[in-house]
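Here chain A shows up in two complexes: once beside chain B, once beside chain C.
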Partner chain A sequence: MYDTEKLGTDVNQTETKISARNVQVYYGDTHAIKDVNVDIDAKSVTAFIGPSGCGKSTFLRCINRMNDTIDVCRVEGDIKIDGEDIYDKRVDPVQLRAKVGMVFQKPNPFPKSIYDNIAYGPRIHGLAKNKADLDEIVEKSLRRGAIWNEVKDRLHAPGTGLSGGQQQRLCIARAVATEPEVLLMDEPCSALDPIATAQVEELIDELRDQYSVVIVTHSMQQAARVSQKTAFFHLGNLVEYGDTSQIFTNPKDERTESYITGRIG
Partner chain B sequence: MTDTTQNTGAVTPISSLHTLDARTKRRNAAENRFKLYGMIAIGIGLLMLVTLLTTILSKGTGAFTQTFVTMEVELLESKLDKSGERDLEKIKKVTTFGYAPLIKTAFEKTVEIHGIETDLKSKTMAKILSKSAASQLRNYVIANPDQIGQTIEFRFLANSRVDGYMKGRVTRDSIANDKNITPAQLDFVDQLIEAGALKKTFNIDFIIGADASDQRPEAAGIGVAMMGSLFMMLVVLALALPIGVAASIYLEEFAPKNWITDIIEVNISNLAAVPSIVFGILGLAVFINYMHLPQSAPLVGGLVLTLMTLPTIIISTRAALKAVPPSIRDAALGVGASKMQAVFHHVLPLAAPGILTGTIIGLAQALGETAPLLLIGMIGFIASNMPETVGEGLLSPNSAMPAQIYEWAKRADPAFYERAWGGIIILLIFLISMNTLAVLLRRRFERRW
Partner chain C sequence: MNDQHIVSAFDRDLEGIQAHVMKMGGLVEAAIGEAANAMVARDQELAEQVRAADKAIDALEELINERCANLIALRAPAAVDLRVVLSVMKIAGNLERIGDYAKNMAKRTSVLVHMEQVEGAHASLKRMAHEVQLMLKDVLDAFIQRDVDLARDVLERDEGVDQMYNALFREFLTFMMEDPRYITPCMHLHFMAKNTERMGDHVTAIAEQVVYLVTGSMPEDARPKATRLDA
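== the complex of A and B ==
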């Protein structure tokens, strides 16, 4: 899974899933994201790195319009998924979020049973015709979230009773249950211990087969381990974007080099 | 780090940890003083609470017992139904005056049966009974006309002076200038007690009965006022809960944050602090004078109390909604739930215990509210019977528990005073059980995440 060199060759053959052009984000008077242009590949893992407050999470939240829930937030520019502008007036953010799943920094399972946590998305989107269908979706999602073996005997126990790492994998399973095409992850391992982190990273690598994964991370090692492409953000600017191996071994920009060597950030 | 490693070892410390320096001593003393003040404050509070409760209990428990005289009354056909036809219309023509002789005769017989020696005339003996005795007899006969001619055992209320004598409120000294009772009658009461015909027992009528006129405090009960309070609370619950919760959800989850919502928010907080009598006069002006709803009706009382309770419910509901972590909303929105689904499926269930608690506490506040009721006429002697239908309960004149207590407290007869304290006990039982329910619900449904 850490064989980035081999993966790097795949990247060039993949098509673009998300393309952002001249994206600006304002929080009230603050200009949080400045003129970001980026093309994110389908079926690959893209990492956003950068110091705290550089706008990487903000940009991530633009991709499924979670920023709409913040009153003072304003987004300009184009973000297209499969060539469709997601900020078009005809786009319903609810429909968009079914297509673009999200995993948050802190594991946030619903205070319901494990089963209901997974089944909630498919239920509200009408993905299951009957109970058997739903059971199947729940099992498939939990398997894909690499947590099935741990919870199959207690599907009706509360999801909040699991350990932190299990909760996060449950949240990932919940996100994939609605059959999204893109999976956004906002520092999914920041609340986890090294073992749980390794499990989640392994999972992310597997998810690459079916989804375009975008992951925000503070850990450069993590970015190097799981991603094929890496974007470095600094003070709201996208400083450098390229193959992960290139960013970490041969950065073009001075700031990127300073950051990955620990001089800024 | 490196400095400390150098200092450790056999170096003599500058100060010993086994002796307190002056500064630490002062700090500890200040802390101990503060703890003492706190304990004194709690002590004073507890003392007042205990004083309050013992006063209420010692003065109010008397209202739950009442003195009754048990005796056999012969329902003479010659007095009640001269024609012998058992025609209800004719029987009804006999007024309570017509029943008075029956009671006198009954007293003469009772004296005879128990072998009581007394010089009192039967008319004077009958005066130890409540003025309601004759009407009690009449009501029985009208309900059971076939019993005419039989001898039946009745339990009559003794009048409030006799009751006071049983409870120690009235003594032979205190009645020196009392026209309502004489020492001779008290002697007769003593003889009846000895014979077992006069007893002080639990009086359910105080809890379920209606108010009575100034002349017969012994017959007054708080039951009808309780129904008035109940119907008001139903109105408050039916209006304030949905309106309050809907308003809070909109303000908290959907409304944009701008100056209009800011003004609304400030005004809601202000409304919670408006004196309740203001809501009373508002109710009088709007509901009675303008909308011509009936006076003294629990419906109007309920509407006024709804206005009063709404801010409480809105504030506590918004606090409960705010306490739900935003990560739950994110989680729901993240899997593609609409805002409304996120609120109703996830946020509201988590906020429900807080909302329920706020509502119950709001209701308890409304239940104890008197001032607005004064202005819409839910006070004074309201001689209504138990309402029989919901419509009647909402629209016919009634009082409420606190208003009834106020009414009793201001009447002259000390027997009413005792009932006011008794009413307070009942009201407090309601309030305490509602608050307990609020706490239990919160404990039961509070979920952790």
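== the complex of A and C ==
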């Protein structure tokens, strides 16, 4: 008989990519994130779930310092990627965001061609030496975004002319074009139909072998389908964090249970 | 945790399924009792009734499985809700098997009434069936009240049933050695005893499901298991 316990630990052997300690976020006087500690695995998908306003998106945005752009927002505590403090004064947020890509709820392609949508990041970060290099990056990224076959014959058509699902995959391709190590996704499928959603989910699963993906989602089924670890946020607290299968079959905290079973918390 | 779902139809579905399990459990409980009574009283008519009643038990199992499949498909249950559905499907399977054993007992009773009576054997067999019936009643209570302690108590009691079976085994052996005419009825009685012992195992399996349903993990195998076959 197989020693399933042992098999389980072998598979789960992963290293920590993002480590957050005592993270507090304030919007003016509002304490939006309360003392969050979490270790996010490399090369895996971590889902953040929780009711609206629980702080999951706020916390996600701390990971690439998107909250810096909000004047009243103040972040305290440590967030480290590969052991390096991303809030260190010497860290350039623009460089950080090349390393930590982001995909938003609504597909937001630039009002440019499909080609230029992908080429934009590599150009400003100087990742391509010449046109051939750039062509290669564009093709590779579109392939990673699982959209190459659909757009290869119209690379110079506007990105905004694609369907919603294609636009979102274009945005994912754009996010991976700068070779990030972490990919943050804030409800990437909430504006998509079920088929486009399935395509994006399939893509997320493929991206896992290269990137650490952190996804915020309102669909618990989606969290269950795509992630290996799940974190449940409630009123700014990280209530429970664990293996997705455990969270969805046997959560430890009553608040998690109430939320995922659709009961009034 | 709040007991009620935001979608109240979800609660109604879950409650409905559990009500069917309790109904099924009640029918199975009655089948065990009546099969044992029919055996002791050599009452062929009652035995026939037990056999006929098994159809309703089978139909309920089918209904429960169908409702569970619907609930999984339509409501995507998670956590405790998922465990309710999973355990209910298994419990319904166990109850159906117990029902079959009771039916088989009744079937053998119908044969036994035409044979010479084996004096003294029926009383202990009836006691054994009665104990299994009580265990089933308790495990159903444990299920509906989410009572892990009661479920664990049932788990412990299965050993007693196993011992009763071993004692009966020896008793039947003695009867058969004394008088070869008893061989056929004693073989039937032995199968009835063995079936009753298996009913106990299914009750135990239900108790394990109750522990899983409430705690999220199967009970650690603390139950003393007699592996000897030297009865």
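Quick note on the criterion: the second predicted complex is superposed on the first by the 252 of 265 C-alpha atoms of A that agree within 3 Å, B and C clash if a C-alpha of one lies under 4 Å from a C-alpha of the other, contacts with A are read in each partner's own complex, and residues count from 1 in each chain.
Everything below uses one rule, namely that contacts are C-beta pairs under 8 Å (C-beta built on N, C-alpha and C of every residue); 3 or more make two chains touch, one makes a residue touch a chain.
These figures come from a predicted structure and were not determined experimentally.
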Could you tell me if A:Glu257 is touching chain B, chain C, both of them or neither one (first, second, both, neither)? second
Regarding the shared-chain residue A:Thr249, is it in contact with chain B (first), chain C (second), both, or neither? second
Going by the contact rule set out at the top, does A:Asp71 touch chain B (first), chain C (second), both, or neither? first
Chain A residues touched by each partner, larger count belonging to chain B or chain C: B
Looking at A:Ala224, would you say it contacts chain B, chain C, both, or neither? Reply first, second, both or neither. second
Give one of first, second, both or neither to describe whether A:Asn108 is in contact with chain B, with chain C, with both, or with none. first
Looking at A:Ala177, would you say it contacts chain B, chain C, both, or neither? Reply first, second, both or neither. first
Where on chain A does chain C make contact in their complex? 220-221, 224, 248-251, 254, 256-258, 260-265
Residue ranges of chain A touching chain B (in the complex, touch as defined): 64, 66, 69, 71, 94-95, 97-98, 101-104, 106, 108-111, 120-121, 124-125, 160, 171, 174-175, 177-178
For chain B, which residues are in contact with chain A within the complex? 256-257, 325, 327-339, 341, 345-346, 350, 447-449
Where on chain C does chain A make contact in their complex? 1-7, 10, 76-83, 216-217
